[in-house]
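Everything on this sheet refers to the single structure shown next.
Chain lettering (A, B, C and D) follows the sequence in which the chains are written, and residue indices restart at 1 in each chain.
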C-alpha cells in the first residue's frame, strides 16, 4: 500500500526514510543519544537518565561490506546489517550504545562492536535465559549496574522519581500503539501493515515524548478516515524477530494480503507489554523485560508435561492475536543463523496447525535482493489460502 | 522455455518455445505460433493466465498466477493421486505438497544458486558437449557414477572437464552430476515430508537420468507426465477456465486486456 | 649456464616463463583446456623454442596454479600465493598487498617486499566473486574479455548489478539488455559490484599500501578503475599481471638452484 | 573425541601419544555404558552439555551424564551425521543452526518414532534420557533451545534449564564490581539443580561426597594445566590433533579418578618424550597454534597433513576448558556449591585483568598473545565452522586486533624512498572454513590447498626473517 502523503504519515515517512534525522538534531543541541538493539534494553532507564534511546536499524538495501570485514558472515544478517551501517558511521550522532544479551549473535560480536565504533560509552546488559525468582533478582542487580554506569556517563543521578516518570511515558507510548492496532480489526483494516510498521519504526528513532505525539497524530488521522482506503484480502499475521524494513509487509500487501497483526520485535513483542506502574521501578522493569516480553530467547519451562500444553504456554499470545485480529494465514519469517527463532520452527509449525491457521515459513537473509524470490512464495501462499 | 496451452474442453493446442530471458518477446512469439497452429485469431481467446518466473513480463495476460499454484493444478488434473510435486525448472526447483482434494498445503523453493536448479545440468551438458535431450539416456549407461565433489556449478564444470581429461567417461560424469542435483533436490523437498504419489514435472521431468536418481534417493517411484514441460501452462489454462466459468455463473464481468500481440523484435 | 622454467597452470589460462641468468628468455600463455598434462607440455615446448633451448638445458622447473600437480616434469610445486608474492616483489618491492583476481579464486595476500607472504585469504567455494563472471558476461554481451575494460570506462550511467551467482548473472545480464540497458553501463555496474566484493575480502586481512592487482582480472582496466574508486588510492598493475605467478615460480626455480 | 572410523580408508588419524590412542575405546565404552545403565535402570541418565563445570553434582548423585555434543561429534567423525541432519531439516530446522543440535534432534526424533534405535546407529546409539539439563545462558543459545526442541518428541522427559552467567568483558568495568551478585545467582541456580536431581533420583545430596569430588576435579584442573604446559617443549611432544582426543577426559570425565589418572599417565608419557627429544613430528619446522574454532570431526586427518609438512600444534584454545586454580584469586569457602560458582567465575574471567592492562586487547586476544610467546608460535590457524556462533564469531576480529597490537616478526623491507628498514610484522594466520559435522560444507582439496599455501608462507617468512 502506498502511503497517504498527508499529515502524520508524511512525517512518519520522513523519519522512516531519513532514519535518525531527529536524533542527529538532538545530538547537535547537545543531547545524549544512546543507541540500542533488540527488545531487551530497558529504555525507561535511558529515558530516566535524560538521554534519548535510539533503536539502531539495518537496511536491506545497503549491501553489507565493511561490517563483513570485522564480523563473520555466520552472524544473523539483520544484525550484521546493523553493525555494517554503524561502522559506516550512519549513526555517528550516537553518544553511546547498549547491547543486551539477546542471542549468540549479540553476545559474540560485542567486542567487534565495542572496539569497532568510536563511542565513549558502551554497555552490555546480561539477561537471564530463565524466568524465576532468582533470575528476576539477578536481573534487577544487572539493571542497577546499568543504571550506575549511565549515571557515571551522564554525570547525573537517576532517581526513583525519574524512573517512575519514564515508566509512565513509555507506558503511554504502548497504550497508543495498542490503540493503533485496534484500527486493524475491521475488514479491511483502517490502517495498512506498511503504515503501521513504518510508524512504529519511526517512533523508535524519537524521544519517547515526541514519539507519543507522533502516534497521537497518526491516531487522529486514522480515526478520521471513516472508510478504509484498503481492499479486502486475506488477513495475515507476521511472526518473527526484528522486521525493521517494511518491504516484506509491503510485498504482502501489494500482492493483495492485509497484514493485520504480528509478533515481531518492532511490533507487539516490544510494544504490547507494559511495566507495572507502582512499586519498585527496577523490579517492575525486571519483571517487564524478563517475564512479559515473549521472546524465544527466554526459556519457559514445560509446566504442562505435554507438548501440546507446552506450545500453548509458549506461543499462546499468537493464538490470542490470531483470534483477536481474525487472521486467515501467518507468515513465519526467520533469518538464517538466528538460533533463538530457528530452533522453534518445528514447534511453531505444529502450533499453527492446532490453531488451524495456514502458515508460510520463510528463511531469509535481510536483503532487498531476495524480494523477487519471496514474491513468488508469498503470492503462491495467498493463492493457497485465498 | 516458454509454453502456451490453449484449452477448450480439452487441450486445443500446446506449444513449447525457446528458453531465454527476453521473456516479453518470447511470450509474443510463442503465442503467435500457437494461434497459427490452430488458425485461431487472438480475439478468440476468452481469458489468459500467465505463470512462471516471467509471468509479469507477459504483456497480454489477464491474470498472473504463480507457477506453484499452476503446476499443482495441472498435475492434479493429470494425476489425481498426486500428493508431492517436484517441479524442476531452469531457474529454480519447487516442491509442492497437495492434499486429497488437490489443494496445496505446503511448498518449498530453492534459493538463488544455479547449483540447485536444472541449469546445473544444462551447464555441464554444454561442457561435455552432450545435447540436453541426451544427457538422461547417456547417464543411464553409467556403471560407476563419478563423485562430484564441488557444489558450485562453475567449479563442478571445472571438475568435470579435468576428470574427462583424466579419462573418466562422459556417462559416469553425467551420472555423478545427476546424483549431485538429485541429492540437493531431495534435501530440499524432504522438508515437506514426501508422500506418494510423487510427480516430477518441469523440464527436469524430461531427463530420465535425473528421474532415476531422484527415485533412488527418495526410495520410491516417481511419476512423470507425458509432457512435463507444459503442466504449468496447462494449470494456468485450467485456472483461466475456472475464472471464466465462475464469472459466467455469477454473471460478473471478466476483466481482460486488449488482444494485441506486440511486433516481435528479432535480436 | 642456468635456465629455468616457471609454469602456472590456471583453471582458465596457463602461463609459462623461461628465465636465464640475465633475465627473461621467453614467455607464453594459452588456454588451459581440460587436459593439463598436454597444456603443460605445450607450454614447455613453446618456451624452449622461444629461448632456443632443449629439455636437457632446463636446470629447474617450478610449477604452480590450479593444475600444478599435473606438471609431470616439474622439480617442485609451489603454492600460487607464494609465487605471486615472489613475482610481485621482484618487480615492485614496495608492494605490501597483492590482490589476484583469477578465474575460480580471488586471492589476497600481504607481503614484505622480499617475497615472503605474511598473510593471505582466498575467496570461498562460490565462483560469484572471481574472474569467471567476467568471461560469462563477456559472452553474453558478445564482446571479447580484452575489450570489456575499455568499454566499461565509456559508461555515463552505471547500473546496479547484482553479482550473486556467476551462472544466473548471465540471465540477469540478458534481461537487462532486453530492457535496453547499455552494454557499457552494465559492465560498469558489474565491475563495481565485483570490486566491492573483492575489497571486502581484502579488508578482512587488512590492506597495507602499496597495493598491486594481478591475475587475469587485473587486465581488465574497468575492474581496476572500479577498485581504485572504492579504495580511493592508486593501485599498481604490473605489465602482464596474469604472468606474475609464473614469473614468481621461475624466480623460485632460480633460487632453488642457488641453494 | 573419538576419531575412530569404520570405513577402512586411510583417513584414520594417526596419534602421536599412547594416551590419545587409548581414547577411542574409552569413548565407545562410555556410550555402551550409558545404554547398559539405561537397560539396567539402576542409574538415571541425563542429557547434558560440556563446559558446564558442575559434573560433580551429577556424579555425587549418581547420575550418568550423556554428553549430547559428544554423540553428535561421533556421528561426524564416523561420517554418519548426514541422515540425522536431513531428518532435522525435514522437521523445519535450518542447516544454519548448530549441527550438533540438528544431529541430536534428528536422531532423537527418529528413535522416538521407532521406539528403538535407528538402523545402524553409531556405537549403538544415543540412549533415551530420564531427564535433560540445559545450560545455555551466555554460552550459547542452542544449549537452551536444543532440548526444548527435542522435547517435542519426548514430552515426558523433563528439562532443567540452568542459568550460568558470567560477566562479559567490558573495557571500563572491573568484573569484581559485579561478580558478587553473579555468584549469588549461580549458587541459587546450582542449588536448584541439586533439588531437581534429588527429586528425579529420589536421593539426597551427600555434601561430603560432593566436597571430595570437587576437590578431585580441582586437582585434575591443575594437573591438566601442568601436563599441557609440557607441550611448550621444542620439539613439541603432543599436538592439537591428539588434544582433540585428550579433551575427552577434560570435558566428559571430570570428577572421576579415571580422568585424574589419565593425566598422570599422559604427563609421564610427555615427560619421557621430552627427555628423549621426541616430537609430534619428526622434523619440527613450524609451531602453530589452533587459535579458535571446534575441529571438523570428519577431517581430523588434516592435522596429520599439517604434520607431514613439519608443522606441529603445541597449543590450542579449543577444549582446554580448565585453567590453573592457583592462579585464580578466588574467595575461600567451605561450601562446595559456593566453590563451584567461584570456580566458574574464575575460569571465565581468567584473562580479564591482563586484557585490561593492554590497550586494544580483550581476553581472547590476550590469551593468543600469551600463548604465542609461551609456546613459541610461528602462525595461527583457526577454523570457522558455519553452524556455531559461540566459538566461531569474533575470530576475524581477534586476528585484526592481534595484528594491530602484537607484531613479533622482524623483517627488512624496502620503503617508498628505496631505503631498507627493519620493521615488525604480525604472525601469519589461516582461517579454514567448513563445519563441525556437516561434511557437505567441506572440501578436502580446497582445505589442503590452503594448508599448502600457508606452509609456503611460513617457509618464505622463515627464509627472509631479519635477525
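Remarks
Basically, a contact is a pair of C-beta atoms (placed from the backbone, for glycine too) under 8 Å apart; a residue touches a chain by one contact, two chains touch by 3 or more.
Bear in mind that the values here come from a model prediction, so they are computed numbers and not experimental data.
Both subunit C and subunit D are touched by A, B.
The interface carrying the most C-beta pairs in contact is the one between chains A-D. A separation of 39 Å divides the Cα centre of subunit B from that of subunit C.
If you average the Cα atoms of subunit A and of subunit C, the two centres end up 47 Å apart. With centres set at the average Cα position, the gap from subunit A to subunit D is 35 Å. In subunit D, the residues that reach two or more other chains under the touch definition are 92, 396, 400, 443.
Among the residues of subunit B, those in touch with two or more other chains are 112, 150-151. Residue numbers of subunit A whose C-beta contacts span two or more other chains: 69.
Under the stated contact rule, the graph of chain-to-chain touches is complete, every pair of chains being in contact. Residues 53, 65-69, 92, 103-105, 107, 109, 111-112 of subunit B touch subunit A in their complex. If you check the complex, the residues on subunit A that touch subunit C are 63, 65-66, 68-69, 369. Listed in rising order, the residues of subunit A touching subunit B in the complex are 358, 370, 373, 376-377, 379-380, 383-384. Here subunit C touches subunit D in the complex through residues 78-82, 85-86, 93-94, 109, 112-122, 124-125, 204-206, 210, going by the rule given at the top.
For subunit A in complex with subunit D, the touching residues are 69-72, 74-75, 101, 103-105, 107-112, 114-116, 122-124, 126, 128-130, 132, 134-135, 137-138, 141-142, 145, 149, 296-297, 299, 301-302, 305-307, 310, 334, 336-337, 339-340, 342-347, 349-350, 361, 363.
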